[in-house]
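What follows is chain A paired twice: with chain B in the first complex and chain C in the second.
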Partner chain A sequence: MIFLDNVWKRFGRIYAVQGVSLEVNEGEVFGYLGPNGAGKTTTIRIISTLLKPDEGYVEVGGISALEMPEKVREIIGVLPENVNLYENLTGEENLLFFAKVFNLPKSVAEERIREYLEFFGLENRKNDLVGKYSKGMKKRLALARAMLHNPRVLLLDEPTSGLSPEVALEVENLIKRLSERENITIFLSTHNLDLAERLCDRIGIIINGKLVLVEETRKVETFTSEVIIKIRQKARNYENILEKWSYQIVENHIILKVVNYGEEVPKIIKDLVQNGAEILEVYPKRETLWDVYMRVIRGG
Partner chain B sequence: MVRSYIVKGIIWKEWRELFRTKTIVATLSIISIMFSIILPLIFSFALTLEGTDESIPIGGELGNFTTELEKMLAGLYILFLPLFLTLIPIIASSTLAVYSFVGEKERKTLESLLLIPATDFELLISKILSVYIPAIALGFISNLIYFLIVKLYIEVTYSITLLPHPIYLLTVFLLAPTLAFLVVELNVFISIITDNIKTAENLQGTILLPFILLLIGTLSGAVILTLKEILAITITIAIATIGTLKALEKKFTREKLIT
Partner chain C sequence: MKMRHISAFKQFLTVTYFELYRHLVRKRVYIMTIILALVIVLPTTVKILLNVPNPEDPKEFIPGELGFIDILIILGATFFAGDSIVSEYEKRTGYVLFPNPVKREIIYFGKIVASLIITTIFILVYYVSAFIKTIYYYNTLPYEAWVSLGYALLYTLAVIGFAYLISSIFKGTLSATLVTFFMLFMIFPIFSNILSLSAIEPWFILTYTADIITLVFNPPAERVVKMEVSGFTFYIFYPDFTTSVLVMLAYAIVTILISLLWFKFKELKE
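Take a look at the complex of A and B:
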């Protein structure tokens, strides 16, 4: 649904995007992660036809973003990081404007606007100027605007930033619902790794304009070759038993590197118990998205 | 091909915003009242005090007016004062057009506008028309009010029936609208190339300057346009509007607007 092939973008001497190639499938939620200034927003702007790449090819829904940008804009909905709403118009008028320029029939537009205003809890404030809205309300309205024309692709730039936890959760649930029910493709740029972990089918990490990792989210959270043994006593007391292995001790936790989990772990536990250790928990160490992200951006 | 729903949609949005901005509406109303009501009243009052034998610029083509009084009145009210009214759509369109893109840039709404499925030409023509239509409407309404006041005043005071003169009609319905279109285009151009409203407003002055000079020339009696001259100027301006529109489309780069 979204296809980028060797995309480059430079601003002056700075390369914002360097040879990014990426394919996002229909109905997929793709998380685009990276530190500030990594090139996330530039990539979204290239996909949404606001910027033209210096090199490379971009396609959305089978349409070339370089040759038919207005056709691409018809099938995408964009939530920019700064919501960019018309503050001198009411909430309802903001949506109505977009309904008009996307050529929604009047009855459909009215119905959909009513539905979204209700869904986002803005029904009672629909006749207020957006300038009087709170940050969270603006974000909700901007999301409603992005979805108003039933886009096939939704590009979300930091959708939950600046929102209170309960509104962020609402937005998160909505994104989840959209991806499940509407089969909409979602390209989500975020700093929020927990959100990405919960929502995204796949994630990509961009650093200094280079896409350094693309992986299925469930595969990112892999088991490592380490096992954690939690005991009641101080773990330092049992260092003589552990000396054959590579290990770390954090208070009453022993983090042990093992090669053969099935053979080595029962043996260690047996030795520990025989030496008076009371085992509380034994579990394999998992590498979370957070661990992977930090490892990647630190150049691991 | 220009899609009418996009043009209508953008105009709808622009007008909603415009008519909600009370300062702009008030400014335009004051300009209109000044030129269409106050100005002829001041001249008429001065005329009453000074008598009718003062030297007032009179055009050469005054049609059926025969007596010196008729010629003088027609010259004043049909040829001279309407030049001020020509300024109404020009000032109005200039005031509004200069904010078209740079205003959106400053209000941080430009990205939203650029994300709608409009072509560059559709965006430009929508912005131009959204300014041009109210400016021209204001010009026509002001002229109508002006003409009715002047007609009534002359009929009551001098018992002379004043009919619209071809020069007046040509100025109001052809020269002023064509000129206003060019002014809108030039202001939109400024709005595209500038980064902030202050710079845009400063540049805007350079567009209005030739028209102000023309007005000063007319006031001093140095420039009085004939029917043919008005027609020739109108045609020249019309050609310039086509060229400017093409130049605008060429200069309009989305990327430069948002970076």
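Take a look at the complex of A and C:
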């Protein structure tokens, strides 16, 4: 549904996007992660046709974003990071303006506006000026606006940034409901790793304009080569038992690096128990999205 | 995939309608209304209070009634055009507007037509008031009044085109609005006066051409008047009608064209 091939974008002497190639499938929720200034927003602006890449090819829904940007805009809905709707219009008037820009027939526009105002919980405030809305309400209204024309692709740039935790959760739930209700492709940029973990089918990590990792979210959490042994009582001469392995002891946890889990761990456990250790729990260490992200951005 | 047909003309009407609506709900429209009321009521009130008789010829009466026309046009352009383009970038509404299937040209023309409509409404009210007063006092309206209105509308187009040029190039709404106002209200007239003192006719200065709006009622016999005061020679120039119309047209076409292209290719980078 979204296809980027060797996309480059430079601002002055700074390369914001460097050779990004990526494919996002129909109906997929794709999380685009990276630190501030990594190139997430620039990538979204390129996909949404706001910026032209210096090099490379971009396609959305099978349409070239470079040759037919207007056609691409018909099938995308965009939620920018800083939501700025027309503050001297009411919530309903804002939606009506954008519905008319899409030439939606009056009856369809009215029906959709009513439906989305209700879906996003703004029905009671529809006649208030947007300038009087809270940040969360503006975000919800902007989501409603992005959905008005039933887009096939939703581009969300930091959808929960700057929101209080409860409002962020509310927006997250709305995105989840949208992805479940409509078979919509969602491209989501964020540095909220928990949000990405909960919402996204796949994630990509971009650093300094380069896409360094693309992986299914469920596969990111992998077993590592480390085992954690939780103990109540240390063994006698445990230093001798563990000397062959690289290990560290943090409070009552022994974190041990093994090569062959199946062979080495039972032997270690046996030796520790025989030397008086009381073992509470043994489990392999998992690498979370957070660990992967930190490892990747530190150049691991 | 089946694409919906999106009519460019309907989009243009939508942008114009909503721009106009947004102008009407801004405080600036109230400020402009108060200024308009003052320039209509005050001169007449002062004349009545001071018992100043009206001239015998309506052609000498109307220019006095239209004395603030160029200021009104400049204020209209400042209030309703000065920040039209730049605000989409500074207030970041462009991030929401531009990724829609609407061409920048349509947004531009929708905006400029809305600016022209709202400014023209104020100009027309001012003219209608002058026309009513003239008919009330003289039972007639010289045909030059309609020519003057035509010049005023052409000048409005040129001034709004100039304001859109500033609005396209500048990065801040406040600076764009102030530069539009001061360029038209001070810099151009000062430059025009300096040139006149140097015996050069400032025919190419936009604000100089505005004089034809009121000069049409009593065209000067000589376009250049030479004056000698205390050994210094001064020149007073009166604009030529044909040249001024062409200059206004040139300003309108060139500024609208450049600002349109600037807007079309200006990227959202922040």
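Convention: the second predicted complex is superposed on the first by the 295 of 300 C-alpha atoms of A that agree within 3 Å, B and C clash if a C-alpha of one lies under 4 Å from a C-alpha of the other, contacts with A are read in each partner's own complex, and residues count from 1 in each chain.
In this text, a residue touches a chain if its C-beta (ideal position, glycine included) is under 8 Å from a C-beta of that chain, and two chains touch if they have at least 3 such contacts.
Treat the numbers as computed from the prediction; the structure is a model and nothing was measured.
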Ask   = Where does A:R236 make contact in the superposed view: on chain B (first), on chain C (second), on both, or on neither?
value = neither
Ask   = Looking at the overlay, does A:K219 come into contact with chain B only (first), chain C only (second), both, or neither?
value = neither
Task = Mind working out whether A:S48 is in touch with chain B, chain C, both or neither, as first, second, both or neither?
result = both
Query = With the two structures laid over each other on chain A, which partner does A:G61 touch: chain B (first), chain C (second), both, or neither?
reply = second
Query = Taking the superposition as given, does A:K270 touch the first partner, chain B, the second, chain C, both, or neither?
reply = neither
Remark   = On chain A, the footprints of chain B and chain C overlap at residues 11, 45, 48-52, 70-71, 73-74, 76, 78, 80, 82, 84-89, 93, 97-98, 100-103, 145
Query = Given the complex with chain B, which residues does chain A contribute to the contact?
reply = 11, 45, 48-52, 70-71, 73-74, 76, 78, 80, 82, 84-89, 93, 97-98, 100-103, 145
Message = Taking the touch rule as given, give the residues of chain A at its contact with chain C in the complex, in rising order.
response = 11, 45, 48-52, 61-62, 70-71, 73-76, 78, 80, 82-89, 93, 97-98, 100-103, 142, 145, 152, 155
Query = Okay, in this complex, where on chain C does chain A touch?
reply = 1, 3-7, 10-11, 14-15, 18, 21-22, 25-26, 91-93, 95-96, 98-103, 267-269
Key: Contact set on chain B toward chain A in their complex   = 3, 5-6, 8-10, 12-13, 16-17, 20-21, 107-112, 114-119, 254-255, 258-259
